[in-house]
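Which chain is which? They are A, B, C, D, E, F, G and H, in the order written, and residues in each are numbered from 1.
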Amino acid sequence: MPKVKIDAERCKQCMLCVEFCPRDCLQVSNETNLRGYHPVELTDEEQCTGCGICALVCPSVCIEVYR
Amino acid sequence: MPKVKIDAERCKQCMLCVEFCPRDCLQVSNETNLRGYHPVELTDEEQCTGCGICALVCPSVCIEVYR
Amino acid sequence: MAEETLINPYPDALTEVEMRYCPGCTHGTAHRLVAEVIDELGVKDRTVAIATVGCSVYAYEYFDTDAVQAAHGRGPAVATGIKRVQPEAIVFTYQGDGDLASIGMAEVVHAAARGEAITIVFINNAVFGMTQGQMAPTTLLGQRTTTSPTGRTVEAAGYPIRICELLATLPGVGYLAREALTTPPRIRSAKRSIRRAFETQVAGGGFSLVELLSICPTWWGMDPLEAVEHVEERMIDYYPLKVFRDRLAEEETGGGESDA
Amino acid sequence: MAEETLINPYPDALTEVEMRYCPGCTHGTAHRLVAEVIDELGVKDRTVAIATVGCSVYAYEYFDTDAVQAAHGRGPAVATGIKRVQPEAIVFTYQGDGDLASIGMAEVVHAAARGEAITIVFINNAVFGMTQGQMAPTTLLGQRTTTSPTGRTVEAAGYPIRICELLATLPGVGYLAREALTTPPRIRSAKRSIRRAFETQVAGGGFSLVELLSICPTWWGMDPLEAVEHVEERMIDYYPLKVFRDRLAEEETGGGESDA
Amino acid sequence: MREELFMAGIGGQGVNLAGQLVARAGMDIGLNVSWFPIYSPEVRGGSSTCTIVLTDGRVASPTSDHPTSMILMDRTAVRDFADRLAEGGLVVINSSLVPEPPDCGDCRVLMVPANDIAAEIGNERTLNMSLLGAWAAGTGVMTAEDVARSLREMLPERHHHHMPDNEKALARGADIGRSARI
Amino acid sequence: MREELFMAGIGGQGVNLAGQLVARAGMDIGLNVSWFPIYSPEVRGGSSTCTIVLTDGRVASPTSDHPTSMILMDRTAVRDFADRLAEGGLVVINSSLVPEPPDCGDCRVLMVPANDIAAEIGNERTLNMSLLGAWAAGTGVMTAEDVARSLREMLPERHHHHMPDNEKALARGADIGRSARI
Amino acid sequence: MTQQGERVFISGNEATAEGGIAGGCRHFFGYPITPQNKIPEYMSAELPKLGGVYLQAESEVAAINMVYGAAAAGARVMTTSSSPGIALMQEGLSYMLGSELPCVLVNMVRGGPGLGNIGPAQSDYWLATRGAGHGDGRCITLTPYSVQELHDFTAGAFDIADRYRNPVMVLADAILANMMEPCALIPRRELPPPERNYAVGPHDPQERERNIVNSLWVEFDAMEAVNERIAERYRRAAEEITDWGEFGAEEPEVLLCAYGISARICESAVMQAEELGIPTRLIRPKTVFPFPAEPIRSWSERATAVVVVEMSMGQFIEDVRLAVEGRCPVDLLARTGGNMPSVGDVVEKIREVALTAGAAGV
Amino acid sequence: MTQQGERVFISGNEATAEGGIAGGCRHFFGYPITPQNKIPEYMSAELPKLGGVYLQAESEVAAINMVYGAAAAGARVMTTSSSPGIALMQEGLSYMLGSELPCVLVNMVRGGPGLGNIGPAQSDYWLATRGAGHGDGRCITLTPYSVQELHDFTAGAFDIADRYRNPVMVLADAILANMMEPCALIPRRELPPPERNYAVGPHDPQERERNIVNSLWVEFDAMEAVNERIAERYRRAAEEITDWGEFGAEEPEVLLCAYGISARICESAVMQAEELGIPTRLIRPKTVFPFPAEPIRSWSERATAVVVVEMSMGQFIEDVRLAVEGRCPVDLLARTGGNMPSVGDVVEKIREVALTAGAAGV
């Protein structure tokens, strides 16, 4: 099963990955990181196809996609 | 009859007027001006049509054409 | 999950230093793409990155290559100096629209005219980001900035400059394209162009430049998604996405410049 | 001979000061044409001539108008300053290829992009005349100069820059043409373009520039006639003579820019 | 009288605007004042500090080697700056983010749960006001009402509907501040 | 020994090259020398001047307030510069262009019809050589042969066929120069 | 300086911009650079409303040459920048000098050299007082030390520039630019345009000959005459506008010299030194070119030591030493790179030199 | 300085260019300007033959930034210009300083300010010694006074630049550029490239970490450390390379100070003054930064007056006065705008100050 790892400390909550994920499986979490952002998390592992689009659009280079 | 007046002191003997005169009626004279050039003179008044081409091409702005 | 592999390894040519860009700022995306290309071409150890002055001034901290920080607008001249001393080096500048299209206009035009074998990554975000959102030469008509508070007008500030169209008139240019860092397909296309630009340099094919339409949510006063839409709806209109020249391809197909 | 009249009165807008150009140098011709146009348009008393740095640096002595001498390459910026203070003034710069196309590249591109309502008379003689014949950005490939002693090569110095083609990409430009100061018909055509450029300014039609291919017998190592032939046979090939834009005419005929 | 107030925290404009408000209020009650910032280089985020001098004499240096009071808004601020406080000085701390008071000898410490107060009031923008209220009451340089009056002057008309919340927060802070005045 | 030679004339490089030749010849016979020009601004035409110092001591200033000798090639040169000559100095004048000798007190004047000599020799390029020959002989600083030897060194091979004409002109000048040596 | 208007709480940058407008400036050409971005921002909002012109130049090189053109056309014109931008204006400034044109420049100095940083510094002292590019010209240089003075000096700079037909530089730093203080604003005035018989532009040929603005002087004597004319103006300026402030003990043991933000810090140090029993006096130039050498010279005769405080490695100190000419030792307290001396640093230095001087039995 | 080669009769410009090559320069970036055009011309003919690079930059701004790049890449690199061009290089120079990169510049000073003229001048003294743009850095500045010294100093400048990682300026003038003198040429050497552990370019990552050339120091302390490192180098340079010449009386009544072409004129004046019975000594700096303050100071104690001769309105004199510090009066003989002082002018001035000093009973 594909897996998406997000480095919560680097995420700046820009929402680009959330917007562009074709399966709508990313969401802002309730956590707060050191910079004060609420990092994004994978909410629906089942849905994720490991397409890598989230990583492609992430300007913070903080998403790893495993397949 | 057309007339061409050349300010001999300003002529720099560049030969452009001589070259472009359609009636070949300009020539370098034997005079020497203060700058050491041999100014051009109208050699054949009869031939001159007063076309003004000599003045058109003269970079020294030293030709007057009367018609 | 033993068979799982990382499909997007963190680029070798990027350091671990966290980039200081605002949330959503596509400077980060551009950095990643450039780093991936450097990795793919295997030229990291001979690459020299030229950081210029703008939000990306710290690029020398982000690219894990030799690097030189250049005076505002002078990246192409600095790159020229390096390349003429070390022809084996792969030299690229990373410049914003203030840096390249405003103060650095003479340097980029002349480097292109000389066919200087360097690559330029040109980030067009239509604003001076670093200095608090002033009008750039690339600011669209009507766009509000801190120095065009009622929107840019032709009367006061003239027309936005299209750098690619300008440089396309110069035979020294080997690769020239405009891309946008907005949607996934466009980002993929942008990477192809960046790669092509570096390949042109590696192959000795002359000057190369890729213009990347980029967002500045902070000074556009938009969130990143609105900003992406703004590029799609407004900017691309004025700045069409296009490969303006690809001399390597032209040579392969036997086409190319004839007038130089 | 009472009926004889002077068909080419000495232009009012030229002083009596003898011009210091070398024999045959077409800087003199260009001066005369500009002065005639100023006279014809009746704008002498509101014209400000900007002399720049090159053989024509003394232009302020030759044009019988208000005049400002500008730093090397900065004529368009100086003209901008004047025009923005005195919008009624007719402001023109007179610039060589070293001045405009080398050190002054940024200033001319930006003035054009802004659509600054000034006129530029651009003398392209493919060489730095005043400083002893060095290579200019407009020097042809193969041409020998004091700093390209074995002839300009692409490898060492890149391609000559075509200024009109470059500026033609900018919507702020109202009139743009390249002419040559060689044969009588070309000189007449050059005058028409100069006049059109000034008319564009008078009509508020934006930035205008006329490039004049000009001879430098001294540093080309030719006599004036050979130099004229060189323009006809070599230069015009690379620098085609053409009206690149005439917005006034386009407006009259309903054509013109649509993309700005 | 000379009060040198130092403020530090993260989060863009908050610190600076609050500092400017204090200085402006000082001016409005007839003091000589200055406000002086040090920005950190990042466009956003990063920490900001500012120094406000309030005096009935000559401001002279707008800087302060040893501030007579401080408002420290987060943990980093406490760590980096608390020990610069003048002897016997007052330090106001956002106890919502920094629960344990700093150890600073004979200084006076005011713990103000600013985030909690703001949450109670239901207006995040009032966060700094309880801190300012506590500082004003704690130092006695001005009253919470002085601050409120100047705030109203500085705020654009369209934000005036926030004034009641701000005044509430100022008052809540002032209550805490008064407790420290002996 | 210290000779300060000043040369002036119109016509581009002629004056400068002739001056350089004298300096070079001085160096070749073991003197300390300097050559120093002032160009006028025009690209072509206009007047040129240069100053040559020849000495067995220290050159020190390459300029000369009162040259010990002069070569003046045209009327303007005579008008503008002749009165700067040192007392008892030598002035060589191109009498083809300046027929009347200048009035300069106790100076020695050599009138050299340089254009005529060049015309006689049939080589315009030798024009300056008769002036130099006269100067050399007139001052005794070097011989016409010294000048000729250095000229051969300086001339590109392809111009060596001019040497006989140059030597002729130098000799003609030297004849005139010797007449002035008492 | 002039009639005072509204009193506002305002940043140094804004006070400077408003000072320019109060001084009659209606034409501004500039290129953004931190820490003075609020000035162009302010001008871009205000000038168009006043019928003036704000134009963002493509670079500082272009900006100073636009200023040159505008000044040639007779405008009261201004540009503002910070260190690297001022460095780029050097050639253009020299042209302004050579053509004897007035203008006002502001330099909000930042840490250098190179790209440096955006902290405060005073390391462009030479660039201001010895600069103006190649040749002998110099900028008349004013050194405000408060937001109020930034406003007043900028407004006043235009008259000075006109009087001496010379660029006037207002030299401040990143702190003065950003700090806020109360400031009494000078009312905006539409000035009667001063006599500008040199300006180019549309004109009635009956009324004047054509005007030429030029710095090319092929004749050496003509060029020398220009230099002497300029020098003569500087002599006049030295008499007419040299300005400085003094603060502290009447019988000082230690003389402090500082300008701008450093002088503010020194004022606090003077008060603290007094408390420590070391009578100290501060001389702080308000103009550094022309330089108030005379008061420094005469006070240095009465003090036992001079301490110079500057945020540079030792530039201003040379002017102080040229004034003191060995009358007593001159010591330097220098901080750079964005760092400022603390009041404590200055007091410590005062104590140190007082001790040394005491030990030396002076 | 080094082993001497062929003795030729050569112009200052050519001697300078050949000096660069002798010093190991193989990369030249420049933009033409009178009176130094023969240098780029020479370089464009010679360097390609030697496998080097001559590149005509589009401007002086571009030139200095190409120099910056080439220096960052480890080259011995040079540019040459004259006054207005040097003014345009100020920002770039400051970047070189901030990034601690070596290079060699030549300024053949011409009459200014502005476009000025192409006559000789010394009015860029401050631009050289106080310049290098914004911030505290300065150019190490060498002042040759003959064609031979132009050659030798230019060749030697590269080692100095490397030693202190600082731009070195050879400061001369239009006369030295154009005059011809005999000159013993230093043989062209292929130098072993000096250790340049800072240079960027292709490398084996096993052998070194990546290199960064940078002048941005956001942390104030880091920036201050750079300034202190540079200042420390200047202190070392002051000890190691300060250089000057002396000429004339052992017991001087008048001390002459001059550099460059003015010093040549002064040598003649020293000889003439001697004949008039006024013992005179010339001190002529060969380096003006670092400045030979010590010899001037000590000789000024023995003389009754100092006369400074310079082709500027009074720039160099400040360094002299800083050295003399009031020990005796310092007088100025200044010519500008292309004019040079005559030997007679200098002698007259010497006589005048000798008389005044005599009358004052010193």
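What to note about this one:
Throughout what follows, contacts are C-beta pairs under 8 Å (C-beta built on N, C-alpha and C of every residue); 3 or more make two chains touch, one makes a residue touch a chain.
From a predicted model like this one, the values you see are computed outputs, not experimental measurements.
Fewest steps needed to get from chain E to chain F, stepping only to touching chains, is 3. By number of C-beta pairs in contact, the leading pair of chains is G-H.
Centre-to-centre, using mean CA coordinates, chain D is 40 Å away from chain G. Spacing of chain A relative to chain F, judged by their CA centroids, is 88 angstrom.
In chain G, the residues touching two or more other chains are 55, 58-59, 61, 84, 91, 95, 99, 114-115, 117, 119, 214-216, 218. For chain D, residues that reach two or more other chains under the stated contact definition are 22, 57, 69, 71, 102-103, 105-106, 110, 130, 137, 157. For chain B, the set of residues that touch two or more other chains is empty. Those residues of chain D that touch chain G in the complex are listed here as 44-46, 48, 50-51, 57-58, 60, 64-71, 74, 77-86, 88-89, 106-107, 110.
Those residues of chain D that touch chain C in the complex are listed here as 102-106, 109-110, 113-116, 137, 141, 154, 157-162, 165-166, 168-172, 238, 259-260. The residues of chain H lying in touch with chain G in their complex are 61, 83-84, 86-88, 90-91, 94-99, 109, 111-117, 119, 121, 123-124, 126-127, 130-137, 214-228, 231, 312-313, 315, 318, 321-322, 325-327, 335-339. By the touch rule above, chain C contacts chain A in their complex via residues 1, 4-8, 10-11, 14, 18-19, 21-29, 31-32, 183-184, 187-188, 217, 223-225, 228.
Partner chain D is touched in their complex by these residues of chain H: 31-34, 37, 40-41, 44-45, 48, 54-56, 58-60, 84, 114-115.
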